[in-house]
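Listed below are the structures to be examined.
Next come two complexes, and both contain subunit A; in the first it sits with subunit B, in the second with subunit C.
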Partner chain A sequence: MYAIVVMINVGIFVLLALSLNIITGYAGQPNIGQGAFFGIGAYSGAILTGKLGIYFWLAMPISAIITGFIGFFLGLISIRIKEDFLAIVTIALNFIVAAIFQNVKFFGGSMGLSVPSPYWFGNPLSYHGYLILIIILIILVIIFSKLIEKSWLGMALGAIRNNERAADSLGIDTKKFKIMAFVLGTSIAGLTGAVYAHYMTFIMASDFGFLTSVSILSMVILGGNNTIRGPIVGAIILGLIPEVFRFISDYRLLVYALILILMIRFQPSGLLGDDSFVWQKLTNLRASYFKRRGA
Partner chain B sequence: MKRKVFSLILVVIMVLAFNSLAMAQDDPIKLGFFAPVTGPAAADGESALNSAKLAIEVINEKGGIDGREVELVNYDDHLDSKQSVSIAQKLTTRDNVVAVVSGSYSGTTRPAANIYQNAKVPMISAYAIHPDIPKSGDYIFQQSFPGPVQGKVGGYMAVDNLGAQKIAILYVDNDFGNTLNDNFQKYVEDKGAEVVYVDSFAIGEREFNPVLTKIKGLNPDLIYVVAYAGEGAAIMRQSVDVGIEAQILGTEGMDSTTQFLQVAGDAAEGLIITTNLNRDSEEEQVRDYINRYTEKYGFAPDMVGASTYDGFMLLAHVMRQVGPDSEAIKDAMYEVEDYMTNTGLLYRYNEIGEAVKPVQVQIVKDGEFHYYDQITDMDIIAP
Partner chain C sequence: MFLQQLLNSIAIGSVYALTSMGATLIYGILGILDIANAGAYVLGAYLGLLFYSLSGNILIAFVVTMIITGLFGILIQKYVYRPLLSQPAYIPLIASIGIFIFIENIIRLIAGPTIKEFTVNLPFQSLNFANLHINNVWVLIFIVALILMFLLWYLLKMTKIGLAWRATAQDLDIAKTMGINTNRVISLNFFLGYSFAASAGILIGILYNSIYPTMGSVVSYKMLAIIVLGGLGNPFGTLVAALLIGFIETMVGAYIGFFIPRNAIAFVALVIILLISPQGLFTQKSRI
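== the complex of A and B ==
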């Protein structure tokens, strides 16, 4: 059971890292506020099932839509405000969202919100059920990300990432594509939030603060921005660290920070980014393997 | 020859089997514990962990439970509910503890409580007071008196004991502050006192001059402050700076020696707080606890530590009666009556697992907490 809970925790981070990758990776837009959208999804889900009595399976997509709708506004902002300034706006977003959840009585205020257990054919959803649900979601999001990479949207986003002005001059509607990236990325985070809220059965505003956003971003950067494998590996590594290094208790945070610093210093494109040492080795190996087979 | 080898093997097997049998009996009884030893609540986490270790030491010194040693399985939750949930799974499925004490806050204890309930492992929440925690199920207990009780006692002290008529309130904006404030306000208003000012602040706030200046202008008889040690110390110091002379009434959040008394210094003189640890208790075990803790760690314990210690002592007390069995411990917890703890005489647990116990009132004199009053009136302290 313990292993399953750890896998669910890691799985949730994998989903969040993949969702952020659409914004920071594909579209190249800074976002240190993904935790806020995670929280919006979680609170939407909790209120939909807890206060309005809607089925969890219906509440999940609705939470994604609500979150995507708010992500749309961040997309609008990103048209006017760029780069460093946008990063600061997203940081501020964390604090605004947390403050709203913390202070508005409807959202449970500082007492937090209890969330009812979802049912699956008459039985409360077990941890195994959650794990299967999360794995299915991860597979769907990976397929979705692959589709984006190969579609017009992906190419347009690539152009925006490399040079927004040049993309504009080539007739790409950068505004539209940027907003699309924000809506897609945030709605996946919202969906994850709804699952998380039901899995935890209790949520508080402090669960979705700035630190959560920073961890999600760290996962994407550590693994390799703008790839699918990178965020997955990053989320697994950083998600497992608190559990794996539990035995060194006090030094846990030190190890966490040290790994991040070393990575950024020596492997800025991430552990499995396209320019990284590990990935180059892997591709070389693969190339030589196929060469030998061909010969 | 063959037979000799065979009998030798047989002897070895028997010795091993006997050994493992003896081992099984001498296996330590595992008690689980989690606290935020790192992260934003590290001071309370450490205080709780110190006391947990001391409690286990004391239990084993007294011969353990029927001769079996007790072992502490402790984890740091970093005040992160994701971690407290995975710790709960680890304690119940990997470590197979018979019971658990939470030395953490409400946000982390509340989601973990469901897991202990489902695993049928009794959990005692040492000092997290969210009202939903004991409601998680019959295996979940709250060691400290519930928040509403402390709020009511605050109201009783303010109006009936200190005779305040004009009251200002400053409270920390979380489950603890809100619960206490709501119940305090209701009590004093029912008693006809006037609440002239109410304001809340976030955890970590350190600048109270503007608020305190405003309060001074309203000239209340009493200021009710629901704060933790850090904010509480800042409020005490700054209230001296702006020249407030009204009596200040605090809560267990400020019950800390290193974090509060040492920081607030002289400014804390005369402060009255509602809490659960009576430093001047004549009870031998309380004296023992305070002395041993101070000797071991170099500073005096606080209510967080005392509550955690009580959680373990209560488990040991129950296990001596019914043995180290989770189910039996749960049932026996409801039978506990008039059990003396560090944090006052525990009358009993009510049907949802909330402690019914007197509330201590302490006053700061010469830089130390001392006895001021003890509230035992059932009308006020029954949850």
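== the complex of A and C ==
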């Protein structure tokens, strides 16, 4: 039981890290506000099923669309405000969104919102059900990310990441592709949020604050930005640290911070990034293995 | 009443200016968004209380705390930031968030999570003119802020160190080839940045008569709003932006009563101003 809860939590982080990777990895745009979109998805899902009585399975995609719609506006902002300025606007987003959730009565205010649990063939969805749902979602998002990498969208985003001005001068519609990256990345976060809200059955504005955004970003960077394996591994490592170090509860955050500093300091391109020590060792190992077999 | 609020807003704005000046100086030279500066603010408040209770003299507490926190800044710069300079900007940002969480938790573990009182006997009294009340802590804030801002201005504009500093801010590599010891410039930069934040921590501790381990979390993001408004890396812009944010917060709180909590106002103002002028209120041309 405990193992399943931990796996669901880590799985949600994996989804969020993969969603952020589309924005910070593929498009190379700073985003320290992914937690806010996670929250928008969660609140949309909660209101759709709780207040409007829509089925969970329908509310999930609608939440993704609502979140993607708001992500579209961040995409619009990213055309005008760039780099470090954009990073800070995304930080600002956390606080503005949290303030709205906390102060508007419709969103439950500081009391939070309770969410009805969804049904699956007449039975309430169990923890096992959630785990299966999240694993299916992770697989879908991985396939989706692979598709982006291979498509024109992925190539255009790569050009934007390396040099936006050069991409512009080559006739790539950088505005369109940047907005697409923001919409896709945020809507996956919104979908995850809707699942999270129903799994938790109770949500509060403080669940989706600045710290959540920072930890999602840390997972992506720590694992290896702009890869698929990186965010997954990063989310698993940082998601498990609080559980592994549960026995020293008071020192947990300290250990978390220390690991974050050391890993960034000595492996800045991420644990499994393309030019990280570990990944190069692994690829060398594979190469030498195949060479030996060939000879 | 309006004059009273104005004075209030200037006092708050001056502390904001001191808090964000460190982050501005660091951004001006290295292009790093240094959230750990808010950690220096918390560290400063606690060290300030420690040295005040040891010495009983607020001046000694200020000087010793600022020196120690400044040295701490040099260490962080040397062992964490300098090796990361060639990386994209978000890498040092994450490192700085790590450092900030680390400082907060070390302090919580050593000093305890509860609120500590910071009561100081000041050598001057509160002033009263007609119906205008000037708190004696405000006077202290004005004095400290004026001294430190003057010091910074003098250093940057009137000395050779300032010249080297401005050259480094314009282009680190070129400055290095011109024979400027850029490492020393960066060290001095962090020393001043962290000691300014420490002084702000002490002032806020005295103003609200309380310090606690999480007192830096609001500062860590409000500081970002202020330095961005000031045009990132522009000390004068930061001063103006800090006073402006202090003013907007106080006035909105006093007269309009927004549905958004006080601490989010800075960000709403930030987003609106950035959409109108994407480089902040002051452009990068006037950096340092």
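Here is the rule we go by: the second predicted complex is superposed on the first by the 295 of 295 C-alpha atoms of A that agree within 3 Å, B and C clash if a C-alpha of one lies under 4 Å from a C-alpha of the other, contacts with A are read in each partner's own complex, and residues count from 1 in each chain.
One rule holds for everything that comes next: a residue touches a chain if its C-beta (ideal position, glycine included) is under 8 Å from a C-beta of that chain, and two chains touch if they have at least 3 such contacts.
Quantities reported herein were computed from a predicted structural model and do not represent experimental measurements.
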item	value
Room on subunit A for both subunit B and subunit C (clash or fit)	fit
Which of subunit B and subunit C A:A166 touches, first, second, both or neither	neither
Superposition-derived comparison: subunit B or subunit C, residues of subunit A touched	C
Partner chain(s) touched by A:E243 [first = subunit B, second = subunit C, both, neither]	first
Contacts of A:L258 with subunit B and subunit C, given as first, second, both or neither	second
First, second, both or neither for A:L140, with subunit B first and subunit C second	neither
Touching partner for A:I77 - first (subunit B), second (subunit C), both, neither	second
Subunit B versus subunit C as contact partner of A:L58, first or second or both or neither	neither
For subunit A as apex, the angle formed with subunit B and subunit C - C-alpha centres, to the nearest 10 degrees	70
Subunit B versus subunit C as contact partner of A:G109, first or second or both or neither	first
Lowest inter-chain C-alpha distance for subunit C and subunit B in the superposed arrangement, angstrom	5
Common interface positions of subunit A, toward subunit B and toward subunit C	102-103, 250, 253
Of subunit A, residues touching subunit C in the complex	24, 30, 32, 77, 80-85, 87-89, 91-92, 95-96, 98-100, 102-104, 210, 214, 217-218, 221-222, 250-251, 253-254, 256-258, 260-261, 264-265, 268-269
Residue ranges of subunit B in contact with subunit A within the complex	37-38, 75-76, 78, 80-83, 85-86, 89-90, 92-94, 106-107, 110-111, 114, 130, 132, 173-175, 177-179
Residues of subunit C touching subunit A in the complex	27, 31, 33, 79-80, 83-84, 87, 89-91, 93-95, 97-99, 101-102, 104-106, 109, 221, 224-225, 228, 232, 259-261, 263-264, 267-268, 270-271, 274-275, 278-280
Complex interface listing, subunit A residues touching subunit B	1-2, 4-6, 9, 102-103, 109-112, 114, 200-204, 206-207, 242-243, 246, 249-250, 252-253
